[in-house]
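The data blocks that follow each hold one structure.
Two complexes are shown next, each including chain A; its partner changes from chain B in the first to chain C in the second.
== the complex of A and B ==
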């Protein structure tokens, strides 16, 4: 009897009870994460350092991947036209797509903040986000197509005949077409987040600034932008992660071509694994990609904490 | 029990269910049918009808042309068949993890021949059903350790440049018989008002461009050159190969060929007479409004054209190996093949199929091909396979818009050519 009472007391001890609750509540998610994310990730990392027999080979596959001109072809970097290698293409994607998506999203959110019919317009812009990226890639391809494309038709209409041809067919323009198209697909994300952020800024700030004589531009610069900093951080982190793992748009629009001009890391990983059947090389690319995303994730969590 | 604990229990159950579902081996689907054996005895027995899954790349019109074969097989073999569409590109992702788990998404799968050869340890030996049929076939599978793991189905050919007979008649054009006539024809087509370019170039992932290149290589180098290239005996930088590119193909790019246009969109543009010619495989006959208005010619002097087939195999993890083999045996039989070619869009890979089995447009093509020395030259990129196939297509797409990079392209093709 005394033993039973003691056992019951142990179960009701606050630390034991909290510990059990913690395990019970996080358990389901942890089981799934370990099984479907952590284990495959660890296996992939192991695969990138071992050969087919399971022997440790160090950085061999990483060296081979990085020595491949499909990954790194910097000799052709401007003034040369692409291909510059998947690593460089991903970097270019981030350098061009990130500022454009963030800036456009912010501008649209501010302009449409109180505009008439803003909800409808925002919904239309957000359509890009809900469009499956596979379909997005096909649409981009047609947008920049000589015969069916609206962009090329407009460019021809304003006299830019040289840009009226199929952009995805030429190495000079294929990467640009995909990046611009992906801005259209992604800008809805930053716009919606910025719109939500704008709603949280107290109106009093603007009223006080107006009383002090600040114009709309000064208000935007000194109130809106600083107040939206946390939102901007989220958008930047999410956008970089999206750009790093970009695959489906490229797969359907160009398949990495012409001549490798739009090859990106995720697509290269796919080709290594499922066309060349070189799973160790694919794992090396996957590990590199994970490393990059880990760095971004680390930066994001640290910045958010501060 | 509190509500919170109750919900927690549900979440745990769902997670456990998911984990168990992921680990469980699917049980074969079996349809039970009640059969009355004799009227006198009225004895009722239960017969198990296996349901087979056939995976192939054909969708839309091509699928409609294929499903009558499956319907006939169901009737003849007493099986149930369901058809699933997967392109080979998609299967290349799906099959490796499935095979690693000793599972298969289908019982009969159409896949690249080279891929099945590479993965022969996961395929069923089909030597027994192939042995009795081999002599009748134009294409032969490559054995792996003396065994046959995949068999050819119906034939597709890439016979040359298609044209609309009505367009040619309206503009007083004739199919060429010499290279000079071919160039003159291109000039005439280019001069027709409303025509953007003489030839529209199809594009997809790149294969239509590769097909055009192969036609030039076979025409000016002979089927032997194509076979030597496949075997790696001749390099792309070889003077003979370079000459064909430099003197025959490259001068036409930009002048007569359009930029690559998505190949199904290209059909519409060409059919609307914005372009005069279109190089495509014979499945085109099933994709135009009026197949009877179709005409086709090879490059003058061509002794062969690329012909190929879709290869079927049975994964050894199929629950219905015997029924799957019976289904394949039916599909490649004379009867099964005649049912398929009757629907149009494909030719028989068997020699004993009568021309009368074809619809008119395909019959004309079958008869024209009978005049060609080698109507089934192996497809270069299909035969080499692997990542080189994709690379070849991509380099050809580059060449199409950057003909000045010819030497770089040829060097790249050699550099990436598989060593084995």
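== the complex of A and C ==
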């Protein structure tokens, strides 16, 4: 009797009860996350370090992937034309797309802030973010098509005949077309976040600055930009993650072509795994890509906490 | 005053430029192929017809109507399941202190950064072994799992703004923890759930990669999977392709239009606080 009482008391001990409740509430989610994210991700890491017999081969697949011109073809880097390799293409994507998206998003947020019908205008620009990216790729192809595309027609109209061809069909222009198109699709994200950020800056800051004789540009530089720092951090982190994971746009617009000129890591992994059936090399590409995204994620969570 | 007017004009000019690609696909979806040869901006002749939409909907090799139906079959459970399970987990992480729960939470948040390609091959093999390959159930489970990290993070932040006193009052009235959760916490978090729903509906609908590797029966393909198949054999049939694109986009655009406030709060909420 006394022992039963004791057992019941343990059962009702607040820490035990909290533990059980924790398991009950988080259990279903944890099972799904472990089964469909963590376990397969760990298996991919294992796959990238072992051969078909299961023997550990160290960095062999990583070396082979990085030595392959599919991934790294730097000798052709400017002034040469693509393909430069998927890793370089992802890097170029970040170098061009990130500053453009951040700057354009900020400019749009500021310009649209006080305009008539700002909500409508912001919704229009945000449409690109709502669009499935597989259709984003269709639209990019459409815009830069020789016959159907408005951009090529305009370029021909102003005398740039050389740029009047289908951009996605030539290695010189395909990557540029995709990156510019992806700016158009993604800017809604940075604009919406910057708009929300602008709304949190107290009016008094600007009034005080105006009293001190600061002009609009000075106010923008000394009040708006510093106040938006946390938002900028979020935008930069999310944008880099998106650029590293780019897949759908390339899949419909070019399938990585012509001749690999728009190949990116995520698509390369898909081709290795599901076309060439080179599972270990595919796993090495995936692990490499995850390493990059994980570094961004880690940097982001650490700076957000401080 | 003139400077003010200038700002409005610039703002509207930007908005119109941004809209041009969408105008282009609407125009070419509504007009016959022969009128598009010289560009959709040439308005003579100008004939409106829904033929492209009908052709895309009943396309012989990749009927989009079937694809949209399949997408709905996947997306509705793939939104309800992670919302409910994720809300439970968010509540668990917020209310019950156990050792390492913060570390666990951080790991889950970090999972948001990894790409879907990281699980593709083992997931394919696992689904094949348990008989869930090429089934909607399999895809729904995968979408649910991949939605959870974000849903848990977002809803935990949302729930932390609710006053705990209400729950305490209910527990004094003899309600157990699960009753407190379903009868008090869930109804109070409807705005947060609406945000999570708006975003998860869009993400699940727009997904392409998971469907690409897990569904391959031609009759089971979801809408996004059919878009690349509608390109036409020798020449791109822009009329059909743009009509199919518009039909596929219409669902996320409708979600955005109807739930705009919640959608944007979902996107912005966790970043600015």
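As a convention for this text, the second predicted complex is superposed on the first by the 278 of 306 C-alpha atoms of A that agree within 3 Å, B and C clash if a C-alpha of one lies under 4 Å from a C-alpha of the other, contacts with A are read in each partner's own complex, and residues count from 1 in each chain.
Going forward, a residue touches a chain if its C-beta (ideal position, glycine included) is under 8 Å from a C-beta of that chain, and two chains touch if they have at least 3 such contacts.
Remember, predicted model here, so these are calculated numbers, not experimental data.
Clashing of chain B with chain C is the outcome of superposition onto chain A.
Contacts of A:215 after superposition on the shared chain: neither chain B nor chain C is touched.
When the two complexes are overlaid on their common chain A, residue A:39 makes contact with chain C while staying clear of chain B.
By the document's definition of touching, neither partner reaches A:80: not chain B, not chain C. In the superposition on chain A, contact is made by A:24 with both chain B and chain C.
By the document's definition of touching, of the two partners only chain C reaches A:124; chain B does not. Of the two partners chain B and chain C, it is C that touches the larger number of chain A residues. By the document's definition of touching, both partners, chain B and chain C, reach A:148. When both complexes are overlaid on chain A, the residue A:202 reaches neither chain B nor chain C.
Contacts of A:287 after superposition on the shared chain: chain C is touched, whereas chain B is not.
Judged by the touch definition given at the top, the superposed model places A:298 against chain C, while chain B stays out of reach.
One listed stretch of chain C collides with chain B once both complexes sit on chain A; from 171-179, 243-251 or 261-269, that stretch is 171-179.
Counting contacts as defined above, chain A residues 24-25, 28, 32, 35, 141-142, 145, 147-148, 270, 273-274 meet chain B in one complex and chain C in the other.
Remark: chain A residues 15, 18-19, 21-22, 24-26, 28-30, 32-33, 35-41, 43-44, 47, 108, 111-112, 114-118, 120-121, 123-128, 130-135, 138-139, 141-143, 145, 147-150, 153, 184, 189, 192-193, 196-197, 200, 230-231, 234, 241, 244-245, 247-248, 251-252, 265-266, 269-270, 273-274, 279, 282-283, 285-287, 289-290, 293-294, 296-298, 300-301 touch chain C in the complex. Looking at the complex, you find that chain A touches chain B at residues 24-25, 27-28, 31-32, 35, 141-142, 145-148, 165-166, 169-171, 255-261, 270-277.
Chain B meets chain A in the complex at residues 8, 11-12, 14-15, 18-19, 22, 89, 92-93, 96, 118, 203, 205-206, 259-262, 265, 269, 274, 386-387, 389-390, 393-395, 397-398, 400-402, 405, 409. Of all residues in chain C, only 7-8, 10-12, 14-15, 18-22, 24-25, 28, 36-41, 85-86, 88-89, 91-93, 95-98, 101, 106, 108-123, 126, 141-142, 144-146, 148-149, 152, 177-178, 181, 202, 205-206, 208-209, 212-213, 224, 227-228, 236, 238, 241-242, 245, 248-249, 252-253, 255-256, 260, 264, 267-268, 271-272 touch chain A in the complex they form.
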